[in-house]
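Have a look at these structures, which come just after this line.
You will see two complexes here that share subunit A, one where it goes with subunit B and one where it goes with subunit C.
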Partner chain A sequence: MTAVAAKPAAGGAMNPTAMGVGFVLLIILLAICWVVAPVDSRLMMLYALIGMVVGGVLIGFGTHFVPVGGAPAAMGQAPGIATGVAMLAAGAGLAGLFGGAWAAEQGLVVAVVTGAVGGGLMMAITCMMVNFIYVFGMGIPAASGKVKVDPITGDTQPEYKSQGTEGHGLPFVSFVGGIIGGLLAGGGGTLIYLRLLDLYKATLPTMMKATESQIMPIAISAAGIFAVGMFLVNAVLTAYNITGTIEGPHDPKFKRWPRAIVASAVASALCGLVAILIVVM
Partner chain B sequence: MTVKIEVVAGGIPHTKIMVAGLLASLVCLYLSYLNVYTNTEMFSFFGGLAVVAALLWGSHTVKVLCSYGIGTGVPSAGMIAFGSGVIGMLLATKFGIAAPIVALVLAAIIGLILGYLSNDVLNMKIPTMVKSLTELAIVGAFTLMGFAVLMTGSFTFANLTSGSVTLLGQVMPSYEVSFIGGSLIATAFMLGALAIQHPFNACLGPGWTQDRMLMLTAECGFLSMIVAAFMSFALVTSGAALISLIVALVGWGYTYTEYMKLGKRDAAAWLDLKPIPDVEGH
Partner chain C sequence: MEHIVFGIGITALTGALATVAGAAEDTESNIGSQGDPNSQVQLAPQMGYLHRIFNKAIAGEPPAYGLWCALGAGLAWAFMAMQINAVLAIVLGCVLAVFVQGVYSTTAYVGRTASLKKFGQPVYVDILKSMTTVTMAHAFVAIFCTVTLCYLMNAALGHPFPLPLLGLLWGIALGAAGSAVGNPYYGKERQYQNQKFGAGVPIAQSGNIVRYAEAGERNSLDNGFFTAKLGGPASGVCFGLIVFLELWRTVIFEQIGAGWGAIIVGILMILIFTVIDRYIEVWARKTYGPYAAPVKEAGA
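Then we have the complex of A and B:
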């Protein structure tokens, strides 16, 4: 058995029992947060955790839009950006997170939108440069292998597709998908960061017996590293869901998103709970 | 259907590497506690050795996991290892001397749940998924804790969040000059994440040999340790940082030459050429 013949194992089927267990886990984790939190700050911590779950779900859902091509794309044998989900998420999503972090003092909405725009912009630039290299560097046209007609522009695809490939380049719908994915993931990452930052700003001064301005470096750094960790966990779980590659929102694999939503929600709740426990314990 | 691309043929069995890596990094982390007993920071370099031990175990786990066609590329395994590891490690540092043990338990719980999510909710159906993600989370937590010890000489939350600056002869407490407050943890995160995923990514294929990959892991670990040792000059005494740096340099030099030997052993053929040959008269 060669590496080429080995196909990823995951199928498209849902596992209802596991999804149910996932929901129960999510409720349990939220309940633990409610129970362990000090009585006077219960609501604040629960809101923070729910914010992190929403952020994680946005990252998980957003990653489905991003055209991840992987190694075959690097050889021009499959459409998408020629790298893995982890690298793309780290590039685009973290660019968004940093963008949002700069705007953290402008309030929740402005910061989340800034983060989303940062992530979307990074993906737009990435997608455009990828197509530049495909078209002018490798000399291949953009063609999807999964659909006959581009759902947005209506351009036919099979005529441009080389034999023996699954398509190549970045068709318009993949490009748009990439930007939507960047928007969602960047916004989600920023939301996680902001929720944690607010929580740490409120609780660390009493815990460490210092003023708010003194603990700011720690609050920012801890919230940042937790956000990065949760971002990568969510992105990799989504990568597992789509078994590595996806063309964009028109790909049949896109229909697997409910699984990733459950997985991301539980994973974010788990990681978020641990992040909250730092200031509770 | 699950297809395994390669089989582990010969070499040290994975369980042995796992137990050895776990024990070695735990012991090294605890040996760094000599800092407290002797009231110095001279034993910080044990943190770096814990990093190397954990990475050796981790890179073999990455190999076991990625031998199944997970389709996401090898780097994703390193990323999820550290993403889940950093979360467990930071909470564990709150538990004082029990921190390494708590990190082990916490990371195992996080990894277990993430493994369940990937295997059942996301329907990966890979036999070693749960076990591998659990191991990787522990490796991530231990590696970060090792870097923390190397850079600050301690693994407790209080020491990781506060440092001191000397201003005009006055020693002033500062939260910015610290492992977490100065965001050195982010650098440690990436140093470790690259070191854990690179060896298998570089050595995979039909010519994979276990000793070569593990030697490359040790080399990557010591290389990361050199960088971390440089950063430790800011947080520990110069003498302690110098010891770390020397240990890292010696370790890296040894593993690098050994790796080159193994690389030449496994290569089909090699020619010892100058990097850019001088060509005259053209």
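Then we have the complex of A and C:
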């Protein structure tokens, strides 16, 4: 099939074969983790890897909610935030990771929720300031180009679009999408960090023949770096799935999320396996 | 109690540093056309509009600032490990990071502009000399403030992450906040000052950026001068609020309810910003009104 003959994939068209291959790859990577792990710590390592896969999937899914308009948004030609998908999600998620890592001693649930709220707060402030600059700096009201009515507020959109543009600013549904994206991304990033930190805390003292307090700086640094890396992997994967810009959960491109979930799960499993292998081999 | 008061003081200081960092970052990126509006600066010569605007964008602001802040923080950390005074170590680390930014800016401008040779766009050496140093100065302020606030988070507030990792995290967040808030103001309001105020730039006008100033041709210092009045401070307020509120809710409320206090306060703050945003949106719709008469749905 040539590029010309290929069907456009604007909607949520799924490729069942590719999805099936993704699931098989995921199972294989989990099985590799089970096989290479020392017998007495197999369950712990598998548990850590599953935690990282869940965290990666949350990041990948959450990034779909973030309203990103890229370069056209910087000219008021399209709605959304005027920056890259991966970059904005990373900014929000890493702000969440900062808070989640701080709360690590409070337990898994509190730390993950703290990370989620940190990401959501970053997005709430950023989205509010984006609308502030559009309205008070440029005199432009928010308008969606993808829906006629805001699904949450019921505000009509087409008449607020200026001539020759696809909309501008952040309608309320996009604002809410941004916060949901920040919540999911912040929580997912923190979950990856905590799973890795627990794993390193349990395995590094034996491996390096040192006490837990001595290996803590290395464990925290390694877990933090891997969490940041896996964050970027999942955010960039989603950016490819979105192909540039998205308005938020009301955008037709949002329907593509299932394939990003599978891709994020496989990529997270592979990256997580590498993060586990450094304490196994 | 003393611990909390100390924490509040450090939180206020980091918030102030973050505000300055955000403003400097946005002004730096606008002078260098590093945000999304770089596409228009690159497109203009291809549409026949030759210009004297500086363009050093070969990476988005978040990864670029992630690199520079991580570099500044990493070097400062290494200097501190060599028993050098923390203030001096941070300054030295940031100076070295700024040199990397200068090399990046130079190669980016020369490379990007040289690629436009077939459209007749010259590489202006005077632009390279005068703009690069100005972006370096602004970048130093942004990197120094960010590395300093990371140092305070680590040394004074006891965050577990090492300084270079904090530099990477907050560098990326700084770039994300600065590009999200500052880009529309530079892209729409300054580069397309010849278009109608209060409306987006029609897609057909892409590339037709303003190239002339009050006297002579416009350059990027004029753009920095313009955006430093609103886009820069707004970016600073955005990043300052992010850093200040994230630390504030943790320092004061973390001990309440075994961590749930900080979470509840965070959720309340999200709700408050949601209400403010909705107010701004409704205010704009009422005050500015629609561009066209409402479209009646067929059969509605």
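Operating definition for what follows: the second predicted complex is superposed on the first by the 269 of 281 C-alpha atoms of A that agree within 3 Å, B and C clash if a C-alpha of one lies under 4 Å from a C-alpha of the other, contacts with A are read in each partner's own complex, and residues count from 1 in each chain.
Everything below uses one rule, namely that a residue touches a chain if its C-beta (ideal position, glycine included) is under 8 Å from a C-beta of that chain, and two chains touch if they have at least 3 such contacts.
Here the structure is a predicted model, which is why all the values come from computation and not from measurement.
K.L.:
Let's test your reading of the overlay: on subunit A, do subunit B and subunit C clash or fit side by side?
P.N.:
After superposition on subunit A, subunit B vs subunit C: clash.
K.L.:
Figure out whether A:16 sits in contact with subunit B (first) or subunit C (second), or with both, or with neither.
P.N.:
In the superposition, A:16 touches no partner, neither subunit B nor subunit C.
K.L.:
When the two structures are overlaid on chain A, which partner does A:277 contact: first (subunit B), second (subunit C), both, or neither?
P.N.:
first
K.L.:
Between subunit B and subunit C, pick out the one touching the greater number of residues of subunit A.
P.N.:
Looking at subunit B versus subunit C, the one contacting more residues of subunit A is C.
K.L.:
Scan A:90 for contacts with subunit B and subunit C and give back first, second, both or neither.
P.N.:
both
K.L.:
Would you sort A:71 into first (subunit B), second (subunit C), both or neither based on which partner it touches?
P.N.:
both
K.L.:
Report for A:127: first if it touches subunit B alone, second if subunit C alone, otherwise both or neither.
P.N.:
second
K.L.:
Contact-wise, after the overlay, does A:141 reach subunit B, subunit C, both or neither (first, second, both, neither)?
P.N.:
A:141: touches subunit C, not subunit B.
K.L.:
Once chain A of both complexes is superposed, is A:154 in touch with subunit B (first), subunit C (second), both, or neither?
P.N.:
neither
K.L.:
Output check: A:117 vs subunit B and subunit C. Expected answer is one of first, second, both, neither. What do you get?
P.N.:
second
K.L.:
For subunit A, which residues lie in the overlap of the subunit B contacts and the subunit C contacts?
P.N.:
Looking at subunit A, the two contact sets intersect at 70-71, 83-84, 87, 90, 217, 221, 224-225, 228.
K.L.:
Note which residues of subunit B are touching subunit A in the complex, please.
P.N.:
Subunit B reaches subunit A through residues 1-5, 68-73, 75-80, 82-88, 90-91, 94, 106, 110, 113-114, 116-118, 120-126, 157, 161-162, 175-176, 178, 180-183, 185-186, 189.
K.L.:
Okay, in this complex, where on subunit A does subunit B touch?
P.N.:
Touch list, subunit A to subunit B: 1-3, 5-11, 13-15, 17-19, 21-22, 25, 70-71, 83-87, 90, 208, 210, 214-215, 217-218, 221-222, 224-226, 228-233, 235-237, 239-241, 243-245, 259-260, 262-263, 266-267, 270-271, 274-275, 277-278, 281.
K.L.:
Would you mind writing out the residues of subunit A in touch with subunit C in their complex?
P.N.:
70-77, 81-84, 87-88, 90-92, 94-95, 97-99, 101-104, 106-107, 110-111, 113-114, 117-118, 120-122, 124-142, 148, 153, 155-156, 158-172, 175-176, 179, 217, 220-221, 224-225, 228
K.L.:
Quick check: in the complex, which residue numbers of subunit C touch subunit A?
P.N.:
35-37, 39-40, 60-63, 159-162, 165-166, 168-170, 172-173, 175-177, 179-189, 191-192, 197-206, 230-231, 234-235, 237-238, 241-242, 245-246, 249-250, 254, 258-260, 262-263, 266-267, 269-270, 273-274, 276-278, 280-281, 283-285, 288, 290-295, 297
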